[in-house]
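Have a look at the structure below before the remarks.
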Amino acid sequence: MKDAKHQEPAGKAGKWTIPGYGLLQGLFVSGRNMVESYYKKERCPVIQYPEEKADISPNFRNFPFLCYDGDRPETGLRCTACGICEKECPPQCIYIVMDRDENGKAKKRPKVFDIDISVCMNCGICAEVCPFDSIYMDGQYEMATDDRFEKLVLGLDRLAKSTDYHMQLRPKEATAVMEKRKAAEEKKKAAAAARAAKAKAAAEKKAKEAKEQAEKNADDAKGGTE
Amino acid sequence: MNPIAISLTASAILFALGLFAVLSRRNAILVLVGIELMLNAANLNFIAFWRWGGADAALSGPLFVLFSIAIAAAEAAVGLAIILMAFRHTRSNDLNRLDSLHG
Amino acid sequence: MMLGNVEFEMAWLAPEQWPRLPQHLVEWLVALCGLPEWLVSIAGWFTSAGVVVGVFMGLFALLSLIERKTLARVQNRYGPNRAGWFGILQPVADGIKMLTKEDIVPAKADWLLHLLGPVLIVIPSILALGVIPYGQDWVPVPLELGLVFFFAVGAMTEIAVFVAGWASGSKFPMLGAMRAISQMVSYELPLIISALAVVMMSGTLSLPEIVESQGGYTLGFLPQWNLFTPWGLSAGVVFFIACIAEANRCPFDLPEGESEIVAGHMTEYSGFKYALFFIGEYLGLFAISALGITLFLGGWQSPLPIFDFLPSWLWFFAKLAVVIFIFLWIRATFPRVRIDQLMRFAWLCLIPIALLSLPTAAIWHYANKANNDIVAWIATMPLVLIPWVVLTVLFNRRLSPATTRTYHFAE
Amino acid sequence: MIPLLILTPAILLAAIGAAWKARPVHAALLLALCLSLVGCLYVAMGAHFIGLVQFSVYVGAVAILIVFSLLITRPSDDDEEKVRRMKTGMPALACSLPLLVMLGFTMFKQSALLEAPADEPAMSLKVLGEILFTDYAPAVLAMAVLLTAVMIGAALFAREPSKKPEPPSDS
Amino acid sequence: MISDPLLQQSSPVLEEGSDDDQLLRVSLGPQHPSTHGVFRMNVELDGETVVRLKPVFGYLHRNHEKIAEGQTYLSSMPFTDRLDYICPLTNNWAYAHAVEKLAGIEVPERAEYMRVITAELTRLINHTAFAGFFLGDMGAWGSALMYAFREREKILDLFEDLTGARMMSNFMRFGGCRNDLPDGWLERCRALVDNYEPFLDEMEMFLLGNEILIARTQDVGQLPKETLINGGITGPMLRAAGVAYDIRKVDPYGIYDRFDFKMPLGEKGDCYDRLMIRFLEMRESLKILKQAIKDIPEGDFIAPKAKIRGFKPPVGEAYGRIEGPKGELGFYLVSDGTPQPYRYRVRPPSFVNLTLLEEMCVGLDIADVVIILGSVDIVLGEVDR
């Protein structure tokens, strides 16, 4: 580090000041602010909230919601109840119970998905870590209620929102996700087709083998009886 | 009873009360309170005599009171300053403790 | 027993007489009822006092709103604008809130003195308002000793602040009370001395006569107010600064310095007692500004002869509004001074300047007797300017203004 | 007459409190009340100027000074004061009661005092001022010198030994 | 003589000495208008002069460090926002910097520029708000604070657009930033930076020449350089005393070595210098911002290899420090190879700068204590963690 020092006066006026000059300067600034606040929006940037609302940035995030495809949240929910968000959530405000059938087999669907938004700190990590494009951050902020347990613990019914909602809220992100999912779907379809073809081939092969085996067995039996 | 007798009686009682306070109090500042009472008893007499004691074109009664008030103010200022000085030395304003000449 | 007999006069309806109209009407009505003369005059006194108290309580309510709005505007906000049209009902809402709050008396407090404190603060302010000449014909109590009465009554405020602070039985109020007492005692001196210059020049202690002595115009348009003379300028500036301190306004609001000692002597008060402090503070502000207007700004005199047709009391209140606005403006701008600076400022700066204004006034008086304005100005201006020169030198020596400190830059 | 009858008992009650109350601040405040009532009495007697001066000097300055020094010195507890009063109260009473009796005796012996009161003398401020600065001018001057000396002396007496450390010298 | 049992209990110093009966013991805080939150000072006053002062911390303790040791590395990121809640982005950066050092992650060029821009904007926010709070402590009726907040809101609007939140940004990631700059963001930022100089001029006109402010702040709260260095003081408070120590200069992190900026140094180190230094630093920040906005390249905003899920740094330890607006902000991390840090420690500038409070205050007035505390520029979220 070089110690190249040079001096620079901080103010603009001369060396000596008359006592009171600084006070008058202050009065001038505050007086100008007062007068200009009557006609310059910049000098009175107050937004009178319930009547007017500020423009919220489309990137604004508040509380999470769950995305579902199609019309019905019961069927279209993307969430597979994998629990990654539950694990990563810093304040641990997510609570998930996997849906299971009678045999105890996982259905890859949440039975309970609760987010306590009085604990949630809007960090967005759940949305970031979700591998299934299921959880996103909402932009709604007028959520004040008078009941901490009934109304601030959001269940599946209030968390689930359609992809249209997501599209409306954050078109850019939603489109990207849509395209990604579509691509993945197609890939999956292709993969499924390939797998089907493969399975078919395998089945054919198996059938063929079985046939051969049967023939062989028959031959053996034949030979045995001979 | 006429007014002058009333005010003189009041003034006498005020003076006696002041004396009582001066003698019985041990807090130096409260002794000053007693002194103020006594001074006021005297002032009250001056005004009463001026008011009911016959024509007094020279206004000597009120003027005396004026000077007396000024002196009382001076006395209070100096007295309290001395008490504060003593208090700084002894950490107390109990007159019984102020019995030695050196601090 | 003499019966009261008051005739109705059309002169009562002149704008100049409006503030006294209620008094006249009450006297007239009481006399109509055939009541004795002494009762008529008592009714008149009460109405007259009621008008003053009513006007200033109304102004208090208005000021509490205007202050918040002005401060808000300086700070680029709107201020209260929800209660009623432009927030006009905000004082009412505040009053309701204050009245319905719980009145808390701390356990260690001396309850009687705790109650007396706020009451004692309001009384002297109202009493002091009684002797001010608001208009040519509107002097509630035309006292010969008006000025002395004003200061004698004002002395009560100090005791009241002490009572409030001490009776709370807590530390911040105690500190606030100590600050308040030392501040008020120190600033009473420059206040009285600068008022003394005016008394010297007008030769009377009666406030209406002081106002009348400032009548007339130089060259036909320049009002002969005391402020526009050299001695009046220096005394007036000192009086204004001391006024701010006496009224405990920013930048001298140390007794209630909220960032240091919470709320000073008002810390342990709540509810209506707390509101009483505000009433007392604002009425005191009105009283002391009214006195300043009376002494230096020509009271109810109009600034230009062509405006003489407006009623005189209107001019008084216009001046009051301007002075109060300056108070607000200062409050919105300045930080608070420290206690030792406050005392030093009073004793080393204000009192010398105030004392200097007395000889200045004397010189002005004798020079003016010779009827020579120019000589008077030349003779007195040096005396007015000396303190500022000395102040400039001292200030620049003691403290380094923003412009003279040097800052280095390291790469 | 009526103000006199109302005010004198009040003055005496306040004075009793000032002389008797154990709590120093109460005593000082009662003194302020007593003195302001005396001021009111002066006004009622017709000495308006003196009354107002009494008010502003005693209430505005002396009482405040006393109260302020009480705050600074923070006096000992009330109990202590009470205990001591038993020791000092009786001698004090023994001194002040005879004085009171003596004063009363001399007063009522002067039968001239018990005659009808004179008319109210006029007191004009102008006359007061003129007398003050002509006949009493030496006294006024002496008073001015005294007060100046007192102001300077009290300021010197009460000056706090400077405690603020020098700002650290840093090169 | 001590009537408050809590006071007695929490500071044993108060009991010693018999002639201290006359001292007035006042507890400034935890509920007090000017302690910047829930800070408490047990002050002993002689009249109004401070004889002793004992700070009491911990009213806002949230167990940040221990919580972080039970969580994944990523999960601690949003908690760092809440340390110094005036400037969350520098906190993010300091933490990300430490983790990157621990795991040896390279940060792409564009992300570095984004970090510099956000950090310097944060410095503007902090110093502007400081001027407002400082004047508030001095008893000015909030005008300076409102002007400061008026400008701060504009920067917060930018942050909201960029990070999604006005204050709790949670923006940096290990190896970059969470998302790219939105469209048109740089233009808005440039406009803001250009409009900031006039605001600074106005503020300086409003404050710096004010005689009352000068009388209140000059020669108040100054300490010798050696004491400051021994006390570990960093940031504007140290530079105000004339010590050239700025981590951006002495231990350049990120890409700070590319920018042309200077380090303003004060003379005396009193409260006035501290205010002044912050104003000068804001001008330097504007210089950095102008260069960064001009030079920012296209590219990745996060290293392609950076892992969001299942991040496990190798075994080791690292101390990452940056020049936060309040001083040296450091994070010390020890990794045992698991997804959670083994040890997580914050070096908060507010806390360290506060340690010399008593030395600065003794012998001054109670009113000075308040402005000295203000001039240290603390945020209780960071002091108590």
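As written, the chains take the letters A, B, C, D and E, and residue 1 is the first residue of each chain.
Operating definition for what follows: a contact is a pair of C-beta atoms (placed from the backbone, for glycine too) under 8 Å apart; a residue touches a chain by one contact, two chains touch by 3 or more.
Being a predicted model, the structure only gives us computed values, none of them experimental.
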Shortest chain-hopping distance from chain C out to chain E: 1
Among all chain pairs, the one with the most C-beta contacts: B-D
Remotest chain, chain A as reference, centres from CA atoms: B
Cα-centroid distance, chain A relative to chain B, in whole angstrom: 84
Separation of mean Cα positions, chain D and chain A [Å, integer]: 80
Computed distance of Cα centres, chain D from chain B, in Å: 5
Chain A and chain C, separation of their C-alpha mean positions in angstrom: 62
Of all residues in chain A, the ones touching two or more other chains: 1, 3, 5, 10-11, 13, 17, 19, 22-23, 26, 29-30, 33, 45
For chain C, residues that touch 2 or more chains besides their own: 74-77, 174, 332-334, 395, 401-403, 405-411
Shared interface positions of chain E, touching two or more other chains: 22, 143, 147, 150, 204, 206, 208-214, 242, 244, 249, 265, 276, 280
Complex contacts: residues of chain C adjacent to chain E: 71, 74-77, 171-172, 174-175, 179, 250-251, 253-254, 257-262, 331-341, 395, 399-403, 405-411
List of chain C residues in touch with chain A within their complex: 70, 73-78, 329-330, 332-334, 388, 391-392, 395-396, 401-411
Complex interface listing, chain D residues touching chain B: 1, 4-5, 8, 11-12, 15-16, 18-20, 24, 27-28, 31, 34-35, 38, 41-42, 45-47, 49-50, 53-54, 57-58, 61-62, 65-66, 69-70, 72-73, 75-76, 81, 84-85, 88-89, 91-93, 95-97, 99-100, 103-104, 107-108, 113-121, 123, 127-128, 131-132, 135-136, 139, 143, 146-147, 150-151, 153-154, 157-158
Residues of chain E touching chain C in the complex: 24-26, 32-34, 45, 48, 135-143, 146-147, 150, 204, 206, 208-216, 218, 242, 244, 249, 262-267, 272-273, 276-277, 280, 365-368, 370
Residue ranges of chain A in contact with chain E within the complex: 1, 3, 5, 10-11, 13, 17, 19-23, 25-26, 28-30, 33, 45, 56-57, 59-61, 84, 87-90, 121-125, 128-129, 131, 137
